[in-house]
Amino acid sequence: MEQAWLIPAIPAAAFVVLLIAGPYLPRRGDWLSIAAIGASFVLFFPVLFDLVDAINADHEGFVGGVKSWEWISFPGFEIDLGFFVDEITIVMLVVVSFVALMVQIYSVSYMHGDPRYGWYFAVMSLFAASMLTLVLADNLLLMYAAWEGVGFCSFLLIGFWWEKRSAAEAAKKAFVTTRIGDVGFLIGIIMLWREAGTFNIQEIIHFAENGGYDSTYLTAAVLFLFMGAIGKSGQFPLHVWLPDAMEGPTPVSALIHAATMVVAGVYMVARMLPVFVAADAVALDVVTVLGLVTVLMSATMGLAATDIKRVIAYSTLNSLGFMFVALGSQSVTAAMLYLFVHGFFKSLLFLGAGAVIHATEKQDVNELGGLAGKMPVTTLTFLLGVGAMVGIIPLSGFWAKDEVLTVTDSEQSVAIFALVLISVFITALYMTRLFILTFLFEPKDRHAADHAHEGGPLLTVPLILLAIPTVIGGLVVFDSVGEALGFPGGFGQFVWLEEPEKYKFHADIAVMSSAVAVAGVVTGWIAWQGKAELATRVRNAMSPVATLLSRRYYIDDIYQWGINNIVLGVSTIISWFDRVIVNDTGVDGSAGLSYFAGYEIKFTETGRLPNYALGIAAGVVIIGVLLLVFEVKI
Amino acid sequence: MIPINNFLVLSSVLFSIGMYGVLARRNAVLILMSVELMLQAVSINFITFAAYLDPENFTGIIFAVFVIVIAAAEVGLALAIVLRLFRNRQTANVDEADLMKW
Amino acid sequence: MTYEEVIFYFVAALVIAGALGVVVAKNIIHSALFLILALMAVAALFILLAAEFLAIVQVMVYGGAVTILILFAMMLTRVRDLPAPRDGAQKPFAALAAIAFGITSTIAVTSTQFPGESDKINVIAFDSVSDALFTVWALPFEIASLVLIVALMGAIILARGEEGE
Amino acid sequence: MTGTNLDWELLAPEFIIAGWALAVVLLDLFWGRLGKEPLGYVAAIGPLAAAGVSLIWVDDTRNFGGLIDINDYTTLFRVFFGLIGGFACIASARYVRQGLLHPGEYYALILMTVIGATGMAAARELLTAYISLELLSFSLYVLTSYAKFDLRSNEGGLKYMLLGAFSSAFLLYGIGLMYGVTQTTHYDGIGEVLSGYTEDIEFAMYLGLALIIGGLGFKVAAVPFHMYTPDAYEGAPLPVTALISAISKAAAFALMLKLFVQAFIPLIDDWRYFVAGIAVATMALGNLVAIQQSNIKRLLAYSSIGQVGYLLLGIAALSPESASALVLHMVGYVTTNLAAFVAIIVFYNWSGREEIHEFRGLAERAPYLALSLTIALFSLAGMPLFAGFATKFILFQAAAQEDLLWLAGIAAFFSFVSLYYYLVIIREMYLGQPDETTRFPTPWLEYAALTVLVAGVFFVGLYPKPLFDAVEDSTDSIFPPAAEAQSVTQP
Amino acid sequence: MEYVLLSLIVIPIACAVLFVLVPSHYPQVTRYIALTGGLAMFTLSAVVFFVYEFNGGSGLRYDLQWDWLEDVGFLGDHGISFFLAVDGIAAPLVLLNGIVILAGVFVSWNITHRPKDFFVLLFLLVSGVYGVFISQDLFFFFFWYEVAVLPMYLLIAVWGASSDFGTFTRTKEYGAMKLTMMLVAGSVLIFVGIFATFTEAGLGTFDMTELRAVTYSEDFQKWCFPFFMVGFGVLAGMWPLHTWSPDGHVAAPTAVSMLHAGVLMKLGAFGILRVGIQILPDGAEFWSPVLMTVGVTGALYGATSALTQRDLKYMVGYSSVSHMGFVLMGLASMNTIGVTGSVLQMFAHGVMTALMFTNVGAVYDQAHLRDMTKFGGIARVMPRHAAFFTIAGLSSLGLPGLAGFVAEFHIFVGLFQAGYWWAGAAGILAAALTTTYITRMIARAYFGPLNERWEGLKEMRIGEQAAAALLIAGILFMGLWPAPFVDRITDTVQTIPGIG
């Protein structure tokens, strides 16, 4: 258990080896990267068992440091690098290590033949190391460090094919946008530190729960903290980078932009939720509202998107919003449950999409279709993923969505609940659309469809392995399942905020949501079946709305306009100011003034002797007169 | 008895006249003559002070001797330079010697 | 007013007249002649001050050497052939400076009570002057001789015509 | 003045120089075969020997006839002026061969300036000081106009001479008034009277003071008495320009310092701010106008005016500390300036050019020359490693000690301004493309002199302790014992 | 051990003398001397840094004091002494200088235009920098300070490059002249401050340890501190006196830019700390809001300006202004964490900006162009170069694990602790702006399709790679294991009165 630090350390070591020796290793070292993440995944189990043992031994809950090193220390300031494992960590840990393993295995085939194949695995290792550090960090600073680390890996991987201009731009956009959120995150961290005197998460929580912070101050601090989550987890208004991030290789999208990195924000808020609770209510309201806005916005945008990966990206945003709504409702259980299952089914969807792209080299749904027959495994697993996303019982997504709806119903107003329900409908609608357009009916591009075929086992096995938790993952809500696995109970018994949440099946909500979801699926089927005549008609009838959606509510355009005209405008003005006013006027001007003064004064030197003599005489007379006037004491 | 101030005032007037001459005239020789007037004023001053106030050491007298000597030498040397100027540019007018300025 | 004073004012008038003549005369030869007048008058003043030795020096050095030198120089520079040099625009400033200095210095000397001031002009013996000059002041005397040598050397070098002139 | 000691042997160095001057003239006259150039090197022996001989009186305190002090102050300046004279002769040699007539007299006049300058520094009495000053000035008038057929030399000499006479008249009038109120021309006598002055003598005293400041201001080239300087510098033959900038300025300051310390220090509160004002005007004008110059001699003339402003700082802040700082800076400055001039002379001898833009590419044609000149210019600008930094720092600090921090600040500012025009020259040398690429020949003797001077610049800049000790001994010797005792108690 | 410090100053000067003596037709000999000297300095710097002993107390180690001028003029015992010592603040900066000069020698390997003169001036500059860091005497502090500034003019004007930006031009002469003049103008103020301090203390000594022990009147501190603040601030690139810096960098040759931005600008901030804050703590306290304001302004202003710069050197130059703004902010926080961060930032910025200039120089040497919009995709032909530049950029934008983060984080924490909320927030925002221009530069110049024009570009020379590797080692060292730095710095900072 104390060796939990090995979990991130192994991939980190792999990264260093790959970076230095990668080009000289057989197969450019992909096996090393996979072996490293595999080792991490394996190491997850002893950690889990230790934790479970600890919980079983003491039902008061488990709180404990695993290992920590002093990094910086002087009186008044200490930073330790420490690792910490609790139930929330475990949930995240399993998602990260498992999905990472799957994705890396998948990548061996997917990335085969890429000129930067070795580099890809090196960065993947670095990402794994950073992400695992983020998960295990016992203090906010280390978390922040890892947070930036994953952001940087994301930058590198989005821009993996940097020869494409769009990839380069997307990488930049992603990095910069998340950094904006990180501004707030860092401010929040320092604000929390300032009063508590520590970066340790548990100590801060303890401090906050004991009322150590002034509540307004704390509210401000947690809202800043939340900014980090907004950036990282793509919440409105910083969601713009995630769809563009699909420029990266698809396995990357699956790992980073679906299962792991983007949920870091959720994870962080979940970790810090006691602090959020201790702050004014407005803090959690902000979380809820922004989550909800994101949910609705992304769901509607998903309706209009045509790129297969972008649609899934919108669905990711959608899911993330869902998690924040759960967190806003003070339910760690619901949020983490959703996070848990989402990691599996979303990466499944991405990998499925990747398989499609791999097979057809197309990713616009308008050019796909009719692949069901050619790629049965992909189609089937993809369908499972879609089902989970839509929330079809008994797939994992259903249970998680049900938890979220339940807490929303109990904690939030009816309006919010209704809006969430509407989003469920829209989700069902566009997921159905996606599936239909991609796999069913006539291929739009026959040539591509003809050449499509199922990938090798390295592609399909991960799909299948991911499909398993997608199907059954949700069952962890049941106490009996949990107990069977050796846990004290179901998910709610395992991960909770104030007291264990025993899973109760709310039939009314389940029925309601299932009905809405099915309605969505059916509507979608009707609209997009065959030649999608209904959908086309609706689109034509509501073309302004369609345009609005396909232009992503113009938010990107507004930002772009703002950057071009305001930020760069200010920058241009300042550069101009710097050169013309500060430098040419202020600096050169004062130099010029001296120069000019010298130029004027030099004409006193007329070259004529009598003038010189006059100078001497005047000087003497003036000194004499002044001396007499000032010094003679009469 | 002549009050000491008579001599001193005369000297200062003479000095001022000489000064005017230096400042107002353009001919090098005239300027030189004006300087001589100033030096005469200086001599008067020295001798006056020596005669009225310092009969034991009479430094002023000695000083006046040297002033006269130096003044004479000055005239000689300055005229040589003026002559040189005239040879080189056919003028003794100091205004026109403004090759170097600024 | 004692007779000495009368003589003083007379001589002083000559000095001033001569000096003014030097600085205002249009013709440079006239200026030179006025200079002689002024110098001789000053020599007379020296006699009034009981400094006969200096009066003699004055007459010999100035009346003899200096004025002759000046006249020679004027002839050599053929001042007659040249247009009369105009007095430039600086004249008012020159007058201003001179008057300012005159007033200042006059006020200064008249407002001053020189220590040990007496109306008596002390006669300083010829021989004591020469004694002092060759004993106490021997060093300045030596240096003055160097000054004269330098002036002489300089005058010769600068004034003498060179080959090709 | 009974019992006056006239120990003529005390004046041995001056006799040596005077005799040597005569010998040089005669040598030139009777042994023309020696040639113009070697004559310069021969002439240099005189002042150098005199400098050596004067070391006999180190730590001695005697005087000659009450007129001349033979103490450390005198010894310092004897050595200093002797060295300047020697270097001037060496630096002149080639130049004289190329462009001047009458070499014997030329060197004799240089030697005369050394005597005059020494007299100014050594005098403890105004008459001697005045006569020495005239000896120096007369020699320089002649030397300035020495290039007989050069209109500029002629013009410079004329201006220098006539204005010099004019300002001498002011100086003399001032001395006369001072004599009137004190009945003595001895510095210490004047100081004694002034320290207990009454209202009776105030008017004449202050007017005399103003006139003396004016007269000496001309000799040191302080604004507004400076105007002849650029013309005289530009007109004079190059080695003479070097000599004027070095010896005339140093001697005038030596005189001024001693006079002010011994005679006028009781009135320090009265004249301090006038001198400070003149100092400000001087450094402002000198440095600002120097930026505008295109002729290197004229530029150095203005830069030397600027330097005078700094030196006046030491007078304005008169105290035992600032006096030694003043002399230290003066020595450093003169050494540096001589180095700069020697470099320029070498350049001129070879190329016959003296415009700044004509220094283009010197670094490629004569690297050592360019390097030396660069070092000298940086030192003039007050950059470290070189003399200028250390001595300026000490001088300005000395002024700041006397509540003249603002003045020190202004001085530092203008010293910064001066960097600009020095850099302009350096830029020409290192950045410009030379018109021709031929290398300069190496004039060994001049380079040796230059090396000695540059070494001096480094020495003063890096280890000023010996020099500063010597300077302090010398300035201590001019301060009245009371002031000296006071200075000991001060930290 | 004290002779190590002495040799830090002596070695570069000795090398400079050797360069002068080597005939100019043996450039290779010159280079190897430079390399030997660089290695020696690097080694000794590392020794100084690592063998630093902790003892709190006076904060000085390895002191060596030789009287230079004493008991003359206004000077008393130890009036001016050649007093060398390191303390915790100086130790990292000495290391920095060692790293940068060695890297500078590597980078300058291929200088063909008068290499001898170049190395003479470069080493002279280095000796000045060392002198400033280890002098404990105010006179020599200032002495070496000026020595460090002095060679800049020629280094830039002779070996630099003029640029035409279409709407305006910046010649190397202009850049060099402006740089020199502005820096010397700053030293005028320092000059005045030193005079005033010395006079006020009335001890007759320039020994800073003694000057620090004096309690100066509050009024004096208040009027005197700005002289040091602004005077040193010029060299620290303090807004609005920073314009010499970008223009100077644009004109300067690579190694000079490296030393200049990497080390020389630190002298300014170091001076504010060493002279300003340590001697006049009350004055610093009084003026800290002003210092804070200009620091924040500089940080934001520099970052914003860098956003639209197309010239790589301008971008790096403005980023230096921005980062030096952080340094000033840290100093102005007047608490241990902030000041520690400030010193850390000096080191971090030093290695990072030197690395950036190494890279810019490498590409400029081949392409003779620095306009990033004209490049594109050159990561393909110069992958290592791209990687190095990216690392520098990441450090600059404060990516954890690299030096920049450690430093900036300390500064921000210090600011928040001191109650400068707005400044802390603005600083973090400036770091975000840094991200923007760094990624923009990377996306523009290195990513995207390869412009055919640049297909002929080759990877950086081996010397440049060595330099980059060395600098990256510095970045990683501090980024991953900052404790040695922090321990040394706080060892001294905590003893400074007035710093809470």
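Per-chain numbering from 1; labels A, B, C, D and E assigned in written order.
Criterion: a residue touches a chain if its C-beta (ideal position, glycine included) is under 8 Å from a C-beta of that chain, and two chains touch if they have at least 3 such contacts.
Quick caveat, the model's predicted, so the values are computed rather than measured.
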Using the touch definition from the top, list the chains contacting both subunit A and subunit B.
-> C, D
Return the chain label for which the distance between chain Cα mean and whole-protein Cα mean is smallest.
-> E
Could you find the two chains linked by the most C-beta contact pairs?
-> B-C
Relative to subunit C, which chain has the most distant C-alpha mean position?
-> A
Rounded to the nearest whole Å, what is the centre-to-centre distance of subunit B and subunit C, using the mean of the C-alpha atoms as each centre?
-> 6
Whole-Å gap separating subunit C and subunit E, where each centre is the average of the chain's CA atoms | 69
Could you give the separation in Å between the centres of subunit A and subunit C, each centre being the mean of its C-alpha atoms?
-> 101
In whole angstrom, the CA-centroid distance of subunit A from subunit E equals 36
Among the residues of subunit C, pick out those that touch two or more other chains and give their numbers.
-> 88, 90, 93-94, 97-98, 101, 104-105, 107-109, 114-116, 132, 137, 140, 144, 147, 150-151, 154, 158
Could you list the positions in subunit D whose residues touch two or more of the other chains?
-> 1, 127, 131, 134, 138, 141-142, 145, 148-149, 157-159, 162, 166, 173, 177, 180, 183, 202-203, 206-207, 230-231, 292, 420
What residues in subunit E touch two or more of the other chains?
-> 181
Chain-to-chain touches, reported pairwise for every pair that qualifies = A-B, A-C, A-D, A-E, B-C, B-D, C-D, D-E
Residue ranges of subunit B in contact with subunit C within the complex = 1-10, 12-21, 23-27, 29-30, 32-34, 36-37, 40, 43-44, 47-53, 55, 58, 61-62, 64-66, 68-77, 79-84, 86-87, 91-93, 95
In the complex, subunit D touches subunit C at residues 1, 4, 6, 11, 18, 64-68, 101-102, 105, 108-109, 112, 115-116, 119, 127-128, 131-132, 134-135, 138-139, 141-142, 145-146, 148-149, 157, 173, 177, 180-181, 183, 193, 200-207
In the complex, subunit A residues that touch subunit C = 610-611, 614, 617-618, 620-621, 624-625, 628
Okay, in this complex, where on subunit A does subunit E touch?
-> 70-77, 141, 144-146, 148-149, 152, 155, 159, 162-165, 167-169, 171-172, 175-176, 179-180, 182-183, 186-187, 190-191, 193-194, 567-568, 570-572, 574-575, 578-579, 582-583, 586-588, 591
Taking the complex as given, what residues does subunit B use to touch subunit D?
-> 8, 15, 18, 22, 28, 31-32, 35, 38-39, 41-42, 45-46, 48-49, 53-54, 57, 59-60, 62-63, 66-67, 70, 73-74, 77-78, 81-82, 84-85, 88-89, 94, 97-102
